[in-house]
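What follows is chain A paired twice: with chain B in the first complex and chain C in the second.
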Partner chain A sequence: MRKTLAVASKELRQILRDQRSLLILLFVPAFFLLLYGYALNFDIRNVTLAVQDKDRSTKSRELVSSFVNSGYFSLVGYVDAPAELDRLVDLGRVRSILSIPAGFERDLSMRKPVTVQVIIDGDNANTASTVSGYARTLINEFSGAQMQLTSPGPASRPPVPVISVEPRIWYNPQLRSTLFLVPGLIAYISMITAVVSTALSVVREKERGTMEQVRMAPLSPLPYIIGKTMPYLVISFVSAILVILSAMLLFDLPMRGSWLLLCGAIGLFLIGAQAQGLLISTIAETQQVAFQVALLSSLLPTMILSGFIFPISSMPIVVQWITHIVPARYFLVALRSIVLKGADITAFWQEMVALAIFATVALGLASLRLSREWA
Partner chain B sequence: MKRVLHLMKKELLELRQDPRLFSIVILAPIIQLSVLGYAATTDVKDIPLAIVDADRSTASRQLVHRFEGSANFKIVAMPGSTSDIDSYLDSGKAWMVLSIPPDYGRKVGAGRPTTIQLVADGTDSNSTGVALGYAQALIGGYVQDLAAAAAPGQPVTGLVQPEIQVWFNPRLESRDFMIPGIVALLLLVITTNLSAMAIVREKETGTLEQLNVTPLARWELITGKLLPYAFIGIIDVVLVLIVAIYWFEVPMRGSIPLLFGMCLIYLLATLGLGLFVSTISQTQQQAMMTSIFFFLTPMIYLSGFIFPIENMPRWIQPFTYLIPLRYFLVIVRGIFQKGIGLEILWPQAVALFAWGLGMLTLATLRSSKRLG
Partner chain C sequence: MSDLPLRAAKSAASEPGLAIDVRGLTRHFGAFVAVDDLSFSVKQGEIFGFLGANGAGKSTTIRMLCGLLKPTSGTALVGGIDVSRDPEGVKRTIGYMSQKFSLYEALTVDQNIEFFGGIYGLSRDRFVERRKFVREMAGLQGREDTLTRDLPGGWRQRLALGCAILHEPRIVFLDEPTGGVDPLSRRRFWDLIGDLSRQGVTVLVTTHYLDEAEHCHRIAIIQAGKLAALGTATELKQVFSSRPIVEIHASQPVQAMSVLDKNPNVEKTSLFGTSVHAVLKDASLDPSVLAQALRAEGIEVSSIGAVMPSLEDVFLDVVERVGAA
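Up next, the complex of A and B:
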């Protein structure tokens, strides 16, 4: 234990000497959350719209204004020539086009069905399907209103079974995308901070040749590794708590569960992430390799394979298996359960166990690897 | 020129110190692109659904069958009563619970209004919104079919019909949109990190002083450091494009030589950025943190890779023009999906090129022979 502390205090002194890195590790994460928490959302508004109105009647203008007033679309302008439409979409000036046929008003007054065309730029499939949903809803509403206006009387309606759906959304009733993104950002930021802080620690000593001195010292690998990680663990933990507190202050992130469980989940996750960094550090021969592997194994996987942005259940089954080795996957479930759902440990004990297993295996491998090198 | 060649040779020798570096920078992009390419899909399918059928009539079973038959939903449980649904939603085993009231069959048979309840887990707001849309569309279709059966011959649809066309990606495949983005991201991460270590490594080991006493000019130092990495970068470009086009079969509507040329300009920007980071850092650890925290992460999130720039607050949007990834994303997606060429993309190409040159100039200026 004393030896561990000695290593830890040596490491701490080294950290304190490099103040830029220390400041980055402590405060940049919270700043990031601030920036991205405001910047990012999935709520799609003000979709740029061009209108090709071949009717130019009261009714057609009514339809256009129902699009504009919905708040989902913002009108860029009216266009006539089809070539001009192509150009606007190619240039990315508009993402959607509403095209109203000639004779629109006449057909409506005669209760003859008419078709209006909506063209959507599909390059972002996600946005496009949302926009097409908006357009469909707006047109259906308009259509319903016209039906009522021109309807000869309620008596002619056939008896139709009516089934209404009563949707209820738990945990995040307004479906605010911030509440969904902020836990993901917390996981991403903590993961990166933790891996980055340890990935170079051992290999740096190898590269500088100071590893030989450590090897000579009466110290076995495990205390050495624990001593190396401890200062960074404290730093990362403080930084993670800062991130969560600022999320609560600024983005109304609720705290429905227990702080104790939350700290436990953060602790397990950070130990695992730092052990992953250490493992990389013991395997690599140069800092360059360690850096490269650390980034490739943490940056994109934490973002894409953790369920942060892309739902895991929609992925192909083989990729779903792969996500099991991404610790952020488990942390994210635990974090969302504690913070948003206020669930107790029975709802996510499997995730906690998985985090513990990940941490143990990574730490074990790192010290095994080191003892083989020292032997 | 000879001096540059010597420096390049030295650089390559140094990279071979850990021979794994080469296999990592060659294999990692292929493996990552193949896994991430499959994972990065915003299509929502197999939504885990629990159904509480308190009615257990023919009519309610018909509705359940509709959900069973849909590719969007996967029924994970049929709990007996609504009091059990908490545990399913809390643990995330189900995202949505559909409950059918006990008098459902009777009311539908009599043509009387009835209400079914959908409880959804809102923690993943994006997917939940989509899932609710699917469920409502599915129930809406079912109601229309019931109406058509009740009153044959009557038109059940509206007066104004929407005809919605989606250009460039009619099947709304999110993969076609995501994979060009992942290509850009992988190239950024790998090449920037390669060159971010280039000069700071010499500082840390103290060999920069030795380089400084040689008659090597600044631009020669930068060029000699840049070219070996550019070589690796070009191999990576070829590999990821092959995986994207031939493995994932992302439709390639534009010109491949143009795309390749644009990738070269992009490499200039990413490698230049790495070198710049290298010149402003004192240790490799600092270089690593500076590049991840101040360059890579902001670029990834603010470039429009996943989060559309139009959705960001107005005051943040101007900052995105500082991000080279933003221009490159417009270029790759434009070439892949829209098949457009330089006649439209030239402003982005010029911006990207200017960015790369600017970074390299900054790096050259910063790499002065000062120490510390």
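Up next, the complex of A and C:
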């Protein structure tokens, strides 16, 4: 225990001396959050819209203004000739067209089915499907409102029940992608800093020759490793909390669940990440190699295979299996459950167990390799 | 020193008074034999020099003696402890200082001492006392809060030695401790080694500086993993008792060497700085014969005369003989 403390205080002093690295460890994650948080925004606003209104009635104008007022669309102008519409889309002046047929108001008041057409520039499939979703929602809302309006008053006879789908999106009603992305960013950033800093700190001692000196002392690998990683665990923990606080401040990230659970999840995740860094340090001989391996092995899986950006359920089945060894996958579920849903442990205990298993296995492998190298 | 009787009991297996006892020590790396059937012993309080070219197996031997590397075969008792049975026990007994300055450069002098005190598990009282000793020994009083990277080489090296002997080991391994240090600091460092030896500490030291090796009580030269020569400096120089060495200062040393190599009285030649050393086959030969031979080839000779063999002569001779065998 005293030996562990000796190693830990030595490591801490080294970190504190190297203030540039300390600043990088503590604040670059929060800075990353800013960059990614603003750049990685899948929300679509102000989609340019042209309107072909063949009805020119009160109701048709109401529908148009419901589009404009939603904030998703911005009206470029009214157009009559179909050729003109083609030209606008081709030139990229508008990305969407709303076409209202003649007799729109009349049919509506007679409660006859009526169809409006929405045309969307499909050159970006993601954007197109999002815009199409917005348009459908707006039209449904509008038609629902019309049904109620045209029903006779409640005094004479009960209104025909209007059966309509009412989509409700929970936790993130405005479907703000930042809310969904921020937990992913936290995982991504913490993973990289923990893996890289741990791997580098051990390999640096190998490179400088101080490791050899320490191995000559009656010190077994375990106190050495615990003493060495502890300061980094504390620092990456503080850094992760800083990221969450800045996300709350900058992106209105709600914190609906328990801080205790949150800290537990972060702790488990970081221990696993450090174990991964240690494992890398037993393979790499130079800081350069360690840095590259650490970066690749933490960045790519966390970015691509964790469900951070691409939903796991839409991956090919083989890739889905692979995602099971990516710790960020479990951490993300736990984090989103705690932060966005305010769920308690029953909702994500399996993920916590998975994180614990990852940490244990990685630690076991690392200490196995290390004690082989040590003795 | 309360554990001395225990240590004596442990070393009962080997000859008493031996700090290091190596028998048939061998280490393979795959097909490569780094250390080949090495046997020697070092007495308590002795300064034992370990010489050899790079890759001769010095470091591998030291790593085995320190319990860092398992021998393929053979035994080594260090402080009476078998290195392959109880490497951790060996580590507690010895101090080690390596060719690189194995200190943490971003830490201050005192922080380095504190770290080593911590990993060797020194008690608080003993640590305070030993810290004082190390500061004085290394001449670092008043520089306790200097960053190690800002210390001149000689100070750093003495601090490294201080950290290595903080826990008062009875046996100290120094692996090329004086590399890259100025002559004055090297001199001071050897004075410290002498002090340790007088206190009964056994010192096994490797070095590239053959003039330094003269400070050792006994010297082992290893070549290709094998023991090539062993003895005191005087004993080792006996190989030249029947073959005098002549030192020649000539205008064109390289040409002089090729002329001398053809001379039937000369066994071999080597370059020593700007002078040439020629080993003669017969002690009765008058060196002036060689001077005449050189002048006949148009090489000016400013001085010629018999010299005492140096350890460098011995080293080169041993390495060449073993290499030729």
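Keep this in mind: the second predicted complex is superposed on the first by the 258 of 375 C-alpha atoms of A that agree within 3 Å, B and C clash if a C-alpha of one lies under 4 Å from a C-alpha of the other, contacts with A are read in each partner's own complex, and residues count from 1 in each chain.
Here is the rule we use: a contact is a pair of C-beta atoms (placed from the backbone, for glycine too) under 8 Å apart; a residue touches a chain by one contact, two chains touch by 3 or more.
Only a predicted model underlies this, so the values are computations on that prediction, with no experimental measurement involved.
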Just checking: does A:Leu5 make contact with chain B only, chain C only, both, or neither of them? Give me first, second, both or neither. second
Looking at the overlay, does A:Leu91 come into contact with chain B only (first), chain C only (second), both, or neither? first
Counting only touches as set out at the top, which of chain B and chain C does A:Leu260 meet: first, second, both, neither? neither
A:Gly133 in the overlay: touching chain B, chain C, both, or neither? Say first, second, both or neither. first
Between chain B (first) and chain C (second), which does A:Leu108 come into contact with in this model arrangement: first, second, both, or neither? first
In the superposed arrangement, which partner chain does A:Met216 touch: chain B (first), chain C (second), both, or neither? second
Tell me the contact category for A:Met315 with respect to chain B and chain C: first, second, both or neither. first
So, does A:Ala81 touch the first partner chain B, the second partner chain C, both, or neither? neither
Is chain A touched at more residues by chain B or by chain C? B
Touched partner set for A:Arg13, first chain B, second chain C, both or neither: second
Share the list of chain A residues that count as touching for chain B in one structure and for chain C in the other. 18, 208
If you look only at chain A, which of its residues touch chain C in the complex? 2-3, 5-7, 9-10, 13-14, 17-18, 208-210, 212-220, 375
Show me the residue ranges of chain B that touch chain A in the complex, using the header's touch definition. 15, 17-18, 20-21, 24-25, 28, 32, 35-36, 38-48, 74, 87, 89-92, 95, 108, 111-130, 132-133, 135-136, 139, 142-143, 146-147, 150-151, 154-170, 172-174, 176-177, 182, 185-186, 189-190, 193-194, 196-197, 201, 204-205, 282-286, 288-290, 292-294, 296-298, 300-302, 306-308, 310-313, 316, 330, 333, 337-338, 340, 344
Inside the complex, what are the residues of chain A that reach chain B? 18, 20-21, 24-25, 28, 32, 35-36, 38-48, 63, 89-92, 108, 111, 113-130, 132-133, 135-136, 139-140, 142-144, 146-147, 150, 158-173, 175-177, 179-180, 183, 192, 196, 199-200, 204, 207-208, 284-289, 291-296, 299-301, 303-305, 307, 309-311, 313-316, 318-319, 322-323, 333, 336-337, 340-341, 343, 346-348
List of chain C residues in touch with chain A within their complex: 66, 68, 70, 87-88, 91-92, 94, 96-98, 100-107, 111, 114-121, 147
